[in-house]
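The first chain written gets the first letter, and so on, giving A, B, C and D; residue counts start at 1 in each chain.
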Amino acid sequence: MIDRFASGFAPFVIPFLIGMAFVMGYCIVGAIRLIFQLDHGDRKRFLLSLITPKTAWKNIKDIFLNCLIHVKLWKRNKLLGFMHSSIAFGWFMLILLGHIECILYMPHRVKLFYYPIFFNYFVAENETTLRGAIFFFLMDFFLLLVLTGITLAIIKRVRSRLFGMRRTTKPTLLDRVGLYSLWLIFPLRLLAESFTAHISGGSFLTIPMNMMFKAFLGEQMNMLPTWWAYSICLCVFMCVLPFTRYMHIPAEMLLIPFRNAGLTIKHARKGFAKAQVYSCPGCGVCIDACPMTVKKANIKDTTVYLNRNIRRGNEKRIEEISDKCLLCGKCTAVCQVGVDGPQMRIAQRSVRNYGLAPDYTGMDISTIKDAVAAEPSKDRVLYFSGCMTALTPAISRAMESVFHKAGVDYAFMDKDGGLCCGRPILMAGRFDQARQLIKKNREIIYASGASTLVLSCPICYKIFREQYKLEGIRVVHHTEYMLELVKAGRLTLDGAAGSLVYHDPCELGRGSGVYEPPRELLRQAGELVEATHNREMSICCGGSLGSLTLGFDKREDMTVNALKNLTEGDPATIVTACPLCKSTFAMYADRPVEDIAETVNRHSK
Amino acid sequence: MKDNIVIVGGGIAGMEAAHQLLLLGYKPILVEKSDHLGGHVADWHKLFPDMSPAKDAVKDLAEKIKEANIFLDTEVSFINRLKNGYNVMFSNGVNVICKAILLATGFDLFEASKKEEYGYGIYDQVMTNSDLEHWFNTGEDKRIKGKDIKKIGFVHCVGSRDIKAGNPQCSKVCCITAIKQAMEVKEFFPDAEVYCFYMDLRLFGKKYEDFYIKAQMESGVHFIRGRVSEVSENINGQVIVKTEDTLSGKPAKITLDLLVLMSGIVCNKQAVDTASLVQVKTDSDGFLKSKDNILNIIETDSKGVFLAGTVTGPKTVPETVAEARAAALAIHNYLVTLK
Amino acid sequence: MIYQGKQKIWSDYQKEIPDDHWYFVRSCIRQNFFPASEKMFSVITKDVLGKDIYETPYHTTCGGIAYHSDTIPQETVMTIVARQFALMTEAGYENYACSCITSFGNYAEILETWHEFPELEAKIREMLWKSCRREFKKPKYLAHTSDLIYKFRHEIASKAKFHLVDHATGEPLRVVEHIGCHYAKMFPHKGVGGAEYPCVLSGMIDSWGGQVIDYPERRHCCGYGFRQYHVKANRGYSVSNTHKKFESMEPYHPDMIITNCPGCPYFLDRWQYVISEMEGKTYGQNGYGIPVFTYEEVAGMVLGFDPWDLGLQLHQVAVEPLLEKIGIPYNPKTKYLGLDGKDIMKPGLPSVLKCC
Amino acid sequence: MDFGFSISPSSTINLDKVDFTLYDRLCEIEPDAKKCMACGSCSATCTAGPWTGMSVRKVILGIQRGKESEAAKMLKGCMLCGKCTMVCPRGINTRHLILSLCRIYGEGEK
């Protein structure tokens, strides 16, 4: 290989350089700003994680697997997976190989970093070697790969259903500019390289096309316009990128290390939250996932639109969207970049200014304390049924009966009424109040001297596990606890419960990752039928306390839809493990709905 | 020539019964003491729950009973018992031998002035539900005409559920009537505040609860749970109403530009006299006594004498009409058994 | 206000009042508060109208105050009352006229109770016999002395030297009438005109030329309320109620208040001073209060008795402005001279309420 | 002069003088507030009630009667558990109503 031009420069690279400079500058500045928006502790933790080998390696791995190979997407949807990875990975390889070529053949040009991009224009093939041929082949191969990706992308634009997506977002004007420029980049590159193939050399794609053009245009064909076009396309794409959904490409590369550093959302709009907003590719998978969007309702209240509105700073919509959400977490479960919808929303709720702030510090709870007080013992159990269970007393009664059967030494913490666990008010974004309630409840729990705290309400369970920090006290959900009893042989199930479908409550499944214990119990209690969508794909019952604004009347469709999903296997009984799910389903269900405690109690000795 | 049937009372009960009897091939004689048919309903403006014009309902019924013998401005002077029949003498001198008599003499509206403390007939700005309906119909009332009405109150249970007023029973229709009228006046005075003072809201009927919610949501009527204790007049001629706001457990008072008393349904004294002519007694609640209050409200202990509508107690229009039809059928069956 | 409406109600509540031969009993407290009032009653009925009115020195309290202050049981008060009836029976009278509203209510209540529970009456007869060997007949007619003045209002009007009119303008005076709670609130048919709109006093006002004013709190208690005043801790409550009444009648600018109860005139009169000290507020014209009278005093004024013989100098609120308005002559010098011409001493002047 | 007693203010609710601004503002953002029929199920089921004296019924009534400070005192005792919303027979979103109230309180000052 030899230089065609002594200068090693051609004016058409200028647009590319501008675009490159712009996008690089933008992203670097942005990244630095985000890092500085983190509070001191988080920033420290983040920077440390970058130099800690373990996390550093994880970052590289995750970025490679998610940003280039899109493994997560492959798992969900092969076609989409292939489309994304072919473009991302293919393009990456083209750049990589370009540089390798450059290093191998034109080491003195490496410092001109536009050179590898337009390599084929600047070089002339003076001798054909196997190594050269392999490189040319690989280049053409990856170009082809990218082109197929692009073709799929174009098809997806017009027929998204083919890709298993029912609803998707409408791209903004800039999105379209970015999109079309992206589509154009690679055909143009093919064109450009084909035009120069007889000089620079090429492979199975470029050579034949070159000959074809020769056949039409003869000797004096002008190659520059195609290279100009290619460069301009790159420029356009890179210049609009920061203002389009394609910002997710660079943003995710920051989000992944953030997440790996174990950061949480501290500020509604800055730092980690901002990183999530920009990492949202606006693909709209969350639209189909959202339980609120049954019958085409509330589509514009899904996470993708929350992110879009945060980027636009539309406060009114931000409030509406974040208040309406049920916080079921399904959007997060399906999200490719892992935008945490519920957390984002709670964060937005937390920045409201209220004229009145509840205050429970003066509250006298000595009566509850005295009621549960006892000497610490290693197998004493404290049972907290929670507010909602007061409306579904069958659950607490079943639990008590189970305790008796298994001969458990227990105290019923809120038999005559107790305090709220604080989760609902936390969901409303009023953290100080939640903290006060936690403090009060901890006093009671410690007064009980129990070593195990059993909860039959997942809403309570989640906050007790995550926020209460009860040293020396084991916090278990009743599904887990009853399974322990069974395993310990203190409880035996007769397996006569018939066919049961289990509904994963949001707070227990996606919220706390408890999927197996209830299923194990039910397998022993009867014949377990799985719902069409279950575990982390389970559909919220619609009764969630997460939503602040959804009225009773607006929720029926969601409940009915969730029930449909549960009853497709035509089970005899619907079993759940949450008082709220139970009462919500019971309203519209065509068959008995019960809490797992009831099932276990009825079918155990 | 079919057997004669005398229907006393030309209200909707009498009219509907006459209509049904005509369909059954009889030629009933309908006597009405006033100069027009339709009774109290004729004086009303609109009927709940559909807010259909009362006069249409009456007109419609009147159309259907053209064939019957109708005596207006006529009362029953006396009745003689005959062997399976009666000899009825009317005030207009007409004398009829009949097999069956239907007493559809309806009710009297409680005389609001009897509740002195509410100041009906004493304070300028106090009226009754029927005065208000009259205003809806004619637009004529010095209490409203040309007055700047900003605050209006409705007192439920005036002369109902009130031993002191001699009527322990619930008049049944006042709650919904008050709500209906509250919404209607709100249409005339959109920026007026409307208050309803109630003991209980007894909204048992079809769509009544919807009315209640509508009154709260759309008309913004304020419902205050507490029976008005007394009314007085201030120097501007407005009325000052005192009650207990039982929900906050505190006495409450308010100055109003207009106070509407929901006069209850009480037994028609004249009906009692007429009934006594055929040995039909009054029940413990002061209304006429049926053979049986559950299965046979239509028949009486006197052979051939039947009852329909509010003579036996407060009823809504649809209930009255249904009862009138039942009465017509009962009379028909009775006459058949006579043969 | 629809006057005819009221007249209709008044006509529904007329009670039979025999026009002669009355057994008259005085009130415990009126003689101290308004000494000339009961004197005036007998003067008017006996001397002016020539009626037969009998009094006995053996009459005692009816026990009403103790009863309404929850300090004696019902049997006790009934026995006391039985004794009064016995005195009447012994004097050979059967029309019972009492000067006190509380007594009137008390008698009415007891007669009604005996009517409902004859066994109780029997028991009381026995108790009376045991305690003082007396027997009694129940009065045929029970009246309050204001009922009598109401009955004779026209005769008094015909003999009147003055009328309740502003002699300068000829305008009728605006008069507030206040009826004692125990007059008709317990038994509407026992009072002239019923409980809601009694006309026992308004009747007098009408026939003596005044104009009754109907103000929102007309029905409200004067504020005395027995235990409310007697227990000092409750007095704030007592004065608050009086204050409420004055606030309510203020816009009507009343010239005077007429009452038919022992307590009411006292509290309506004296509390005006207390309110003026507390709130710095007076309700009459230019710094004076609204003069408060008993119906006998007014009858006396109308008939032309000397204001000081009517004991008007013992009122807290100065009556002079009103006397001048009506045109009743009076001698300021003799105001504080007793019947024997001795100086009964001039009271100190309040800091706010204007007095003469 | 000190008499040892004084004129005590009347406990009567004077509906002529009630200031409805807060209630009207509430109805703007929570029209369902008007739907309340004071059945009291919200207060009966309230988790916080026994400990803090919270009562949704009384809060709404208080605001309708201009007793804003009393209402505020109770609102401060709400734990926002949402049971009241679950039991409301009129389907009022009491939980959000409470949040809205907490927001509009003191709006006037701003």
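Definition applied: a contact is a pair of C-beta atoms (placed from the backbone, for glycine too) under 8 Å apart; a residue touches a chain by one contact, two chains touch by 3 or more.
It should be emphasised that the depicted structure is a prediction, and the values quoted were computed from it without experimental measurement.
**Student:** Going by C-alpha centres, which chain would you call the most central?
**Tutor:** If one averages C-alpha positions chain by chain, the most central is D.
**Student:** If I average the CA coordinates per chain, which chain comes out farthest from chain A?
**Tutor:** C
**Student:** When the C-alpha atoms of chain C and chain D are each averaged to a single point, how far apart are the two points in Å?
**Tutor:** 47
**Student:** Starting from the mean Cα coordinates of chain B and chain C, work out the distance between those two points in Å.
**Tutor:** A distance of 46 Å separates the two centres.
**Student:** How many angstrom lie between the centres of chain A and chain C, each centre taken as the mean Cα position?
**Tutor:** Computed from C-alpha means, the inter-chain centre distance equals 88 Å.
**Student:** Can you compute the centre-to-centre distance for chain A and chain D, using the mean CA position of each chain? Integer Å is fine.
**Tutor:** Roughly 41 Å separates the two chain centres.
**Student:** Can you name every pair of chains that touch?
**Tutor:** Touching chain pairs, listed by label, are A-D, B-C, B-D, C-D.
**Student:** So in the complex, which bits of chain A are touching chain D?
**Tutor:** 323, 352-360, 363-365, 387-388, 390-391, 417-420, 422, 424-425, 428, 430, 433, 437, 545, 548-553, 583
**Student:** Once bound in the complex, which stretches of chain B touch chain C?
**Tutor:** Answer in residue numbers: 113, 116-117, 119-124, 230, 232-235, 237, 240.
**Student:** Under the definition above, what is the set of chain C residues touching chain D in their complex?
**Tutor:** By the definition above, chain C touches chain D via 232-233, 235-237, 239-240, 243-244, 274-275, 277-279, 351.
**Student:** Which bits of chain D are touching chain A when the two form their complex?
**Tutor:** By the definition above, chain D touches chain A via 32, 45, 47-48, 50-52, 72, 75-83, 85-88, 91, 93, 95-96, 99, 101-107, 109.
**Student:** Can you tell me which positions in chain D touch chain C when the two form their complex?
**Tutor:** That would be residues 1, 3-10 of chain D.
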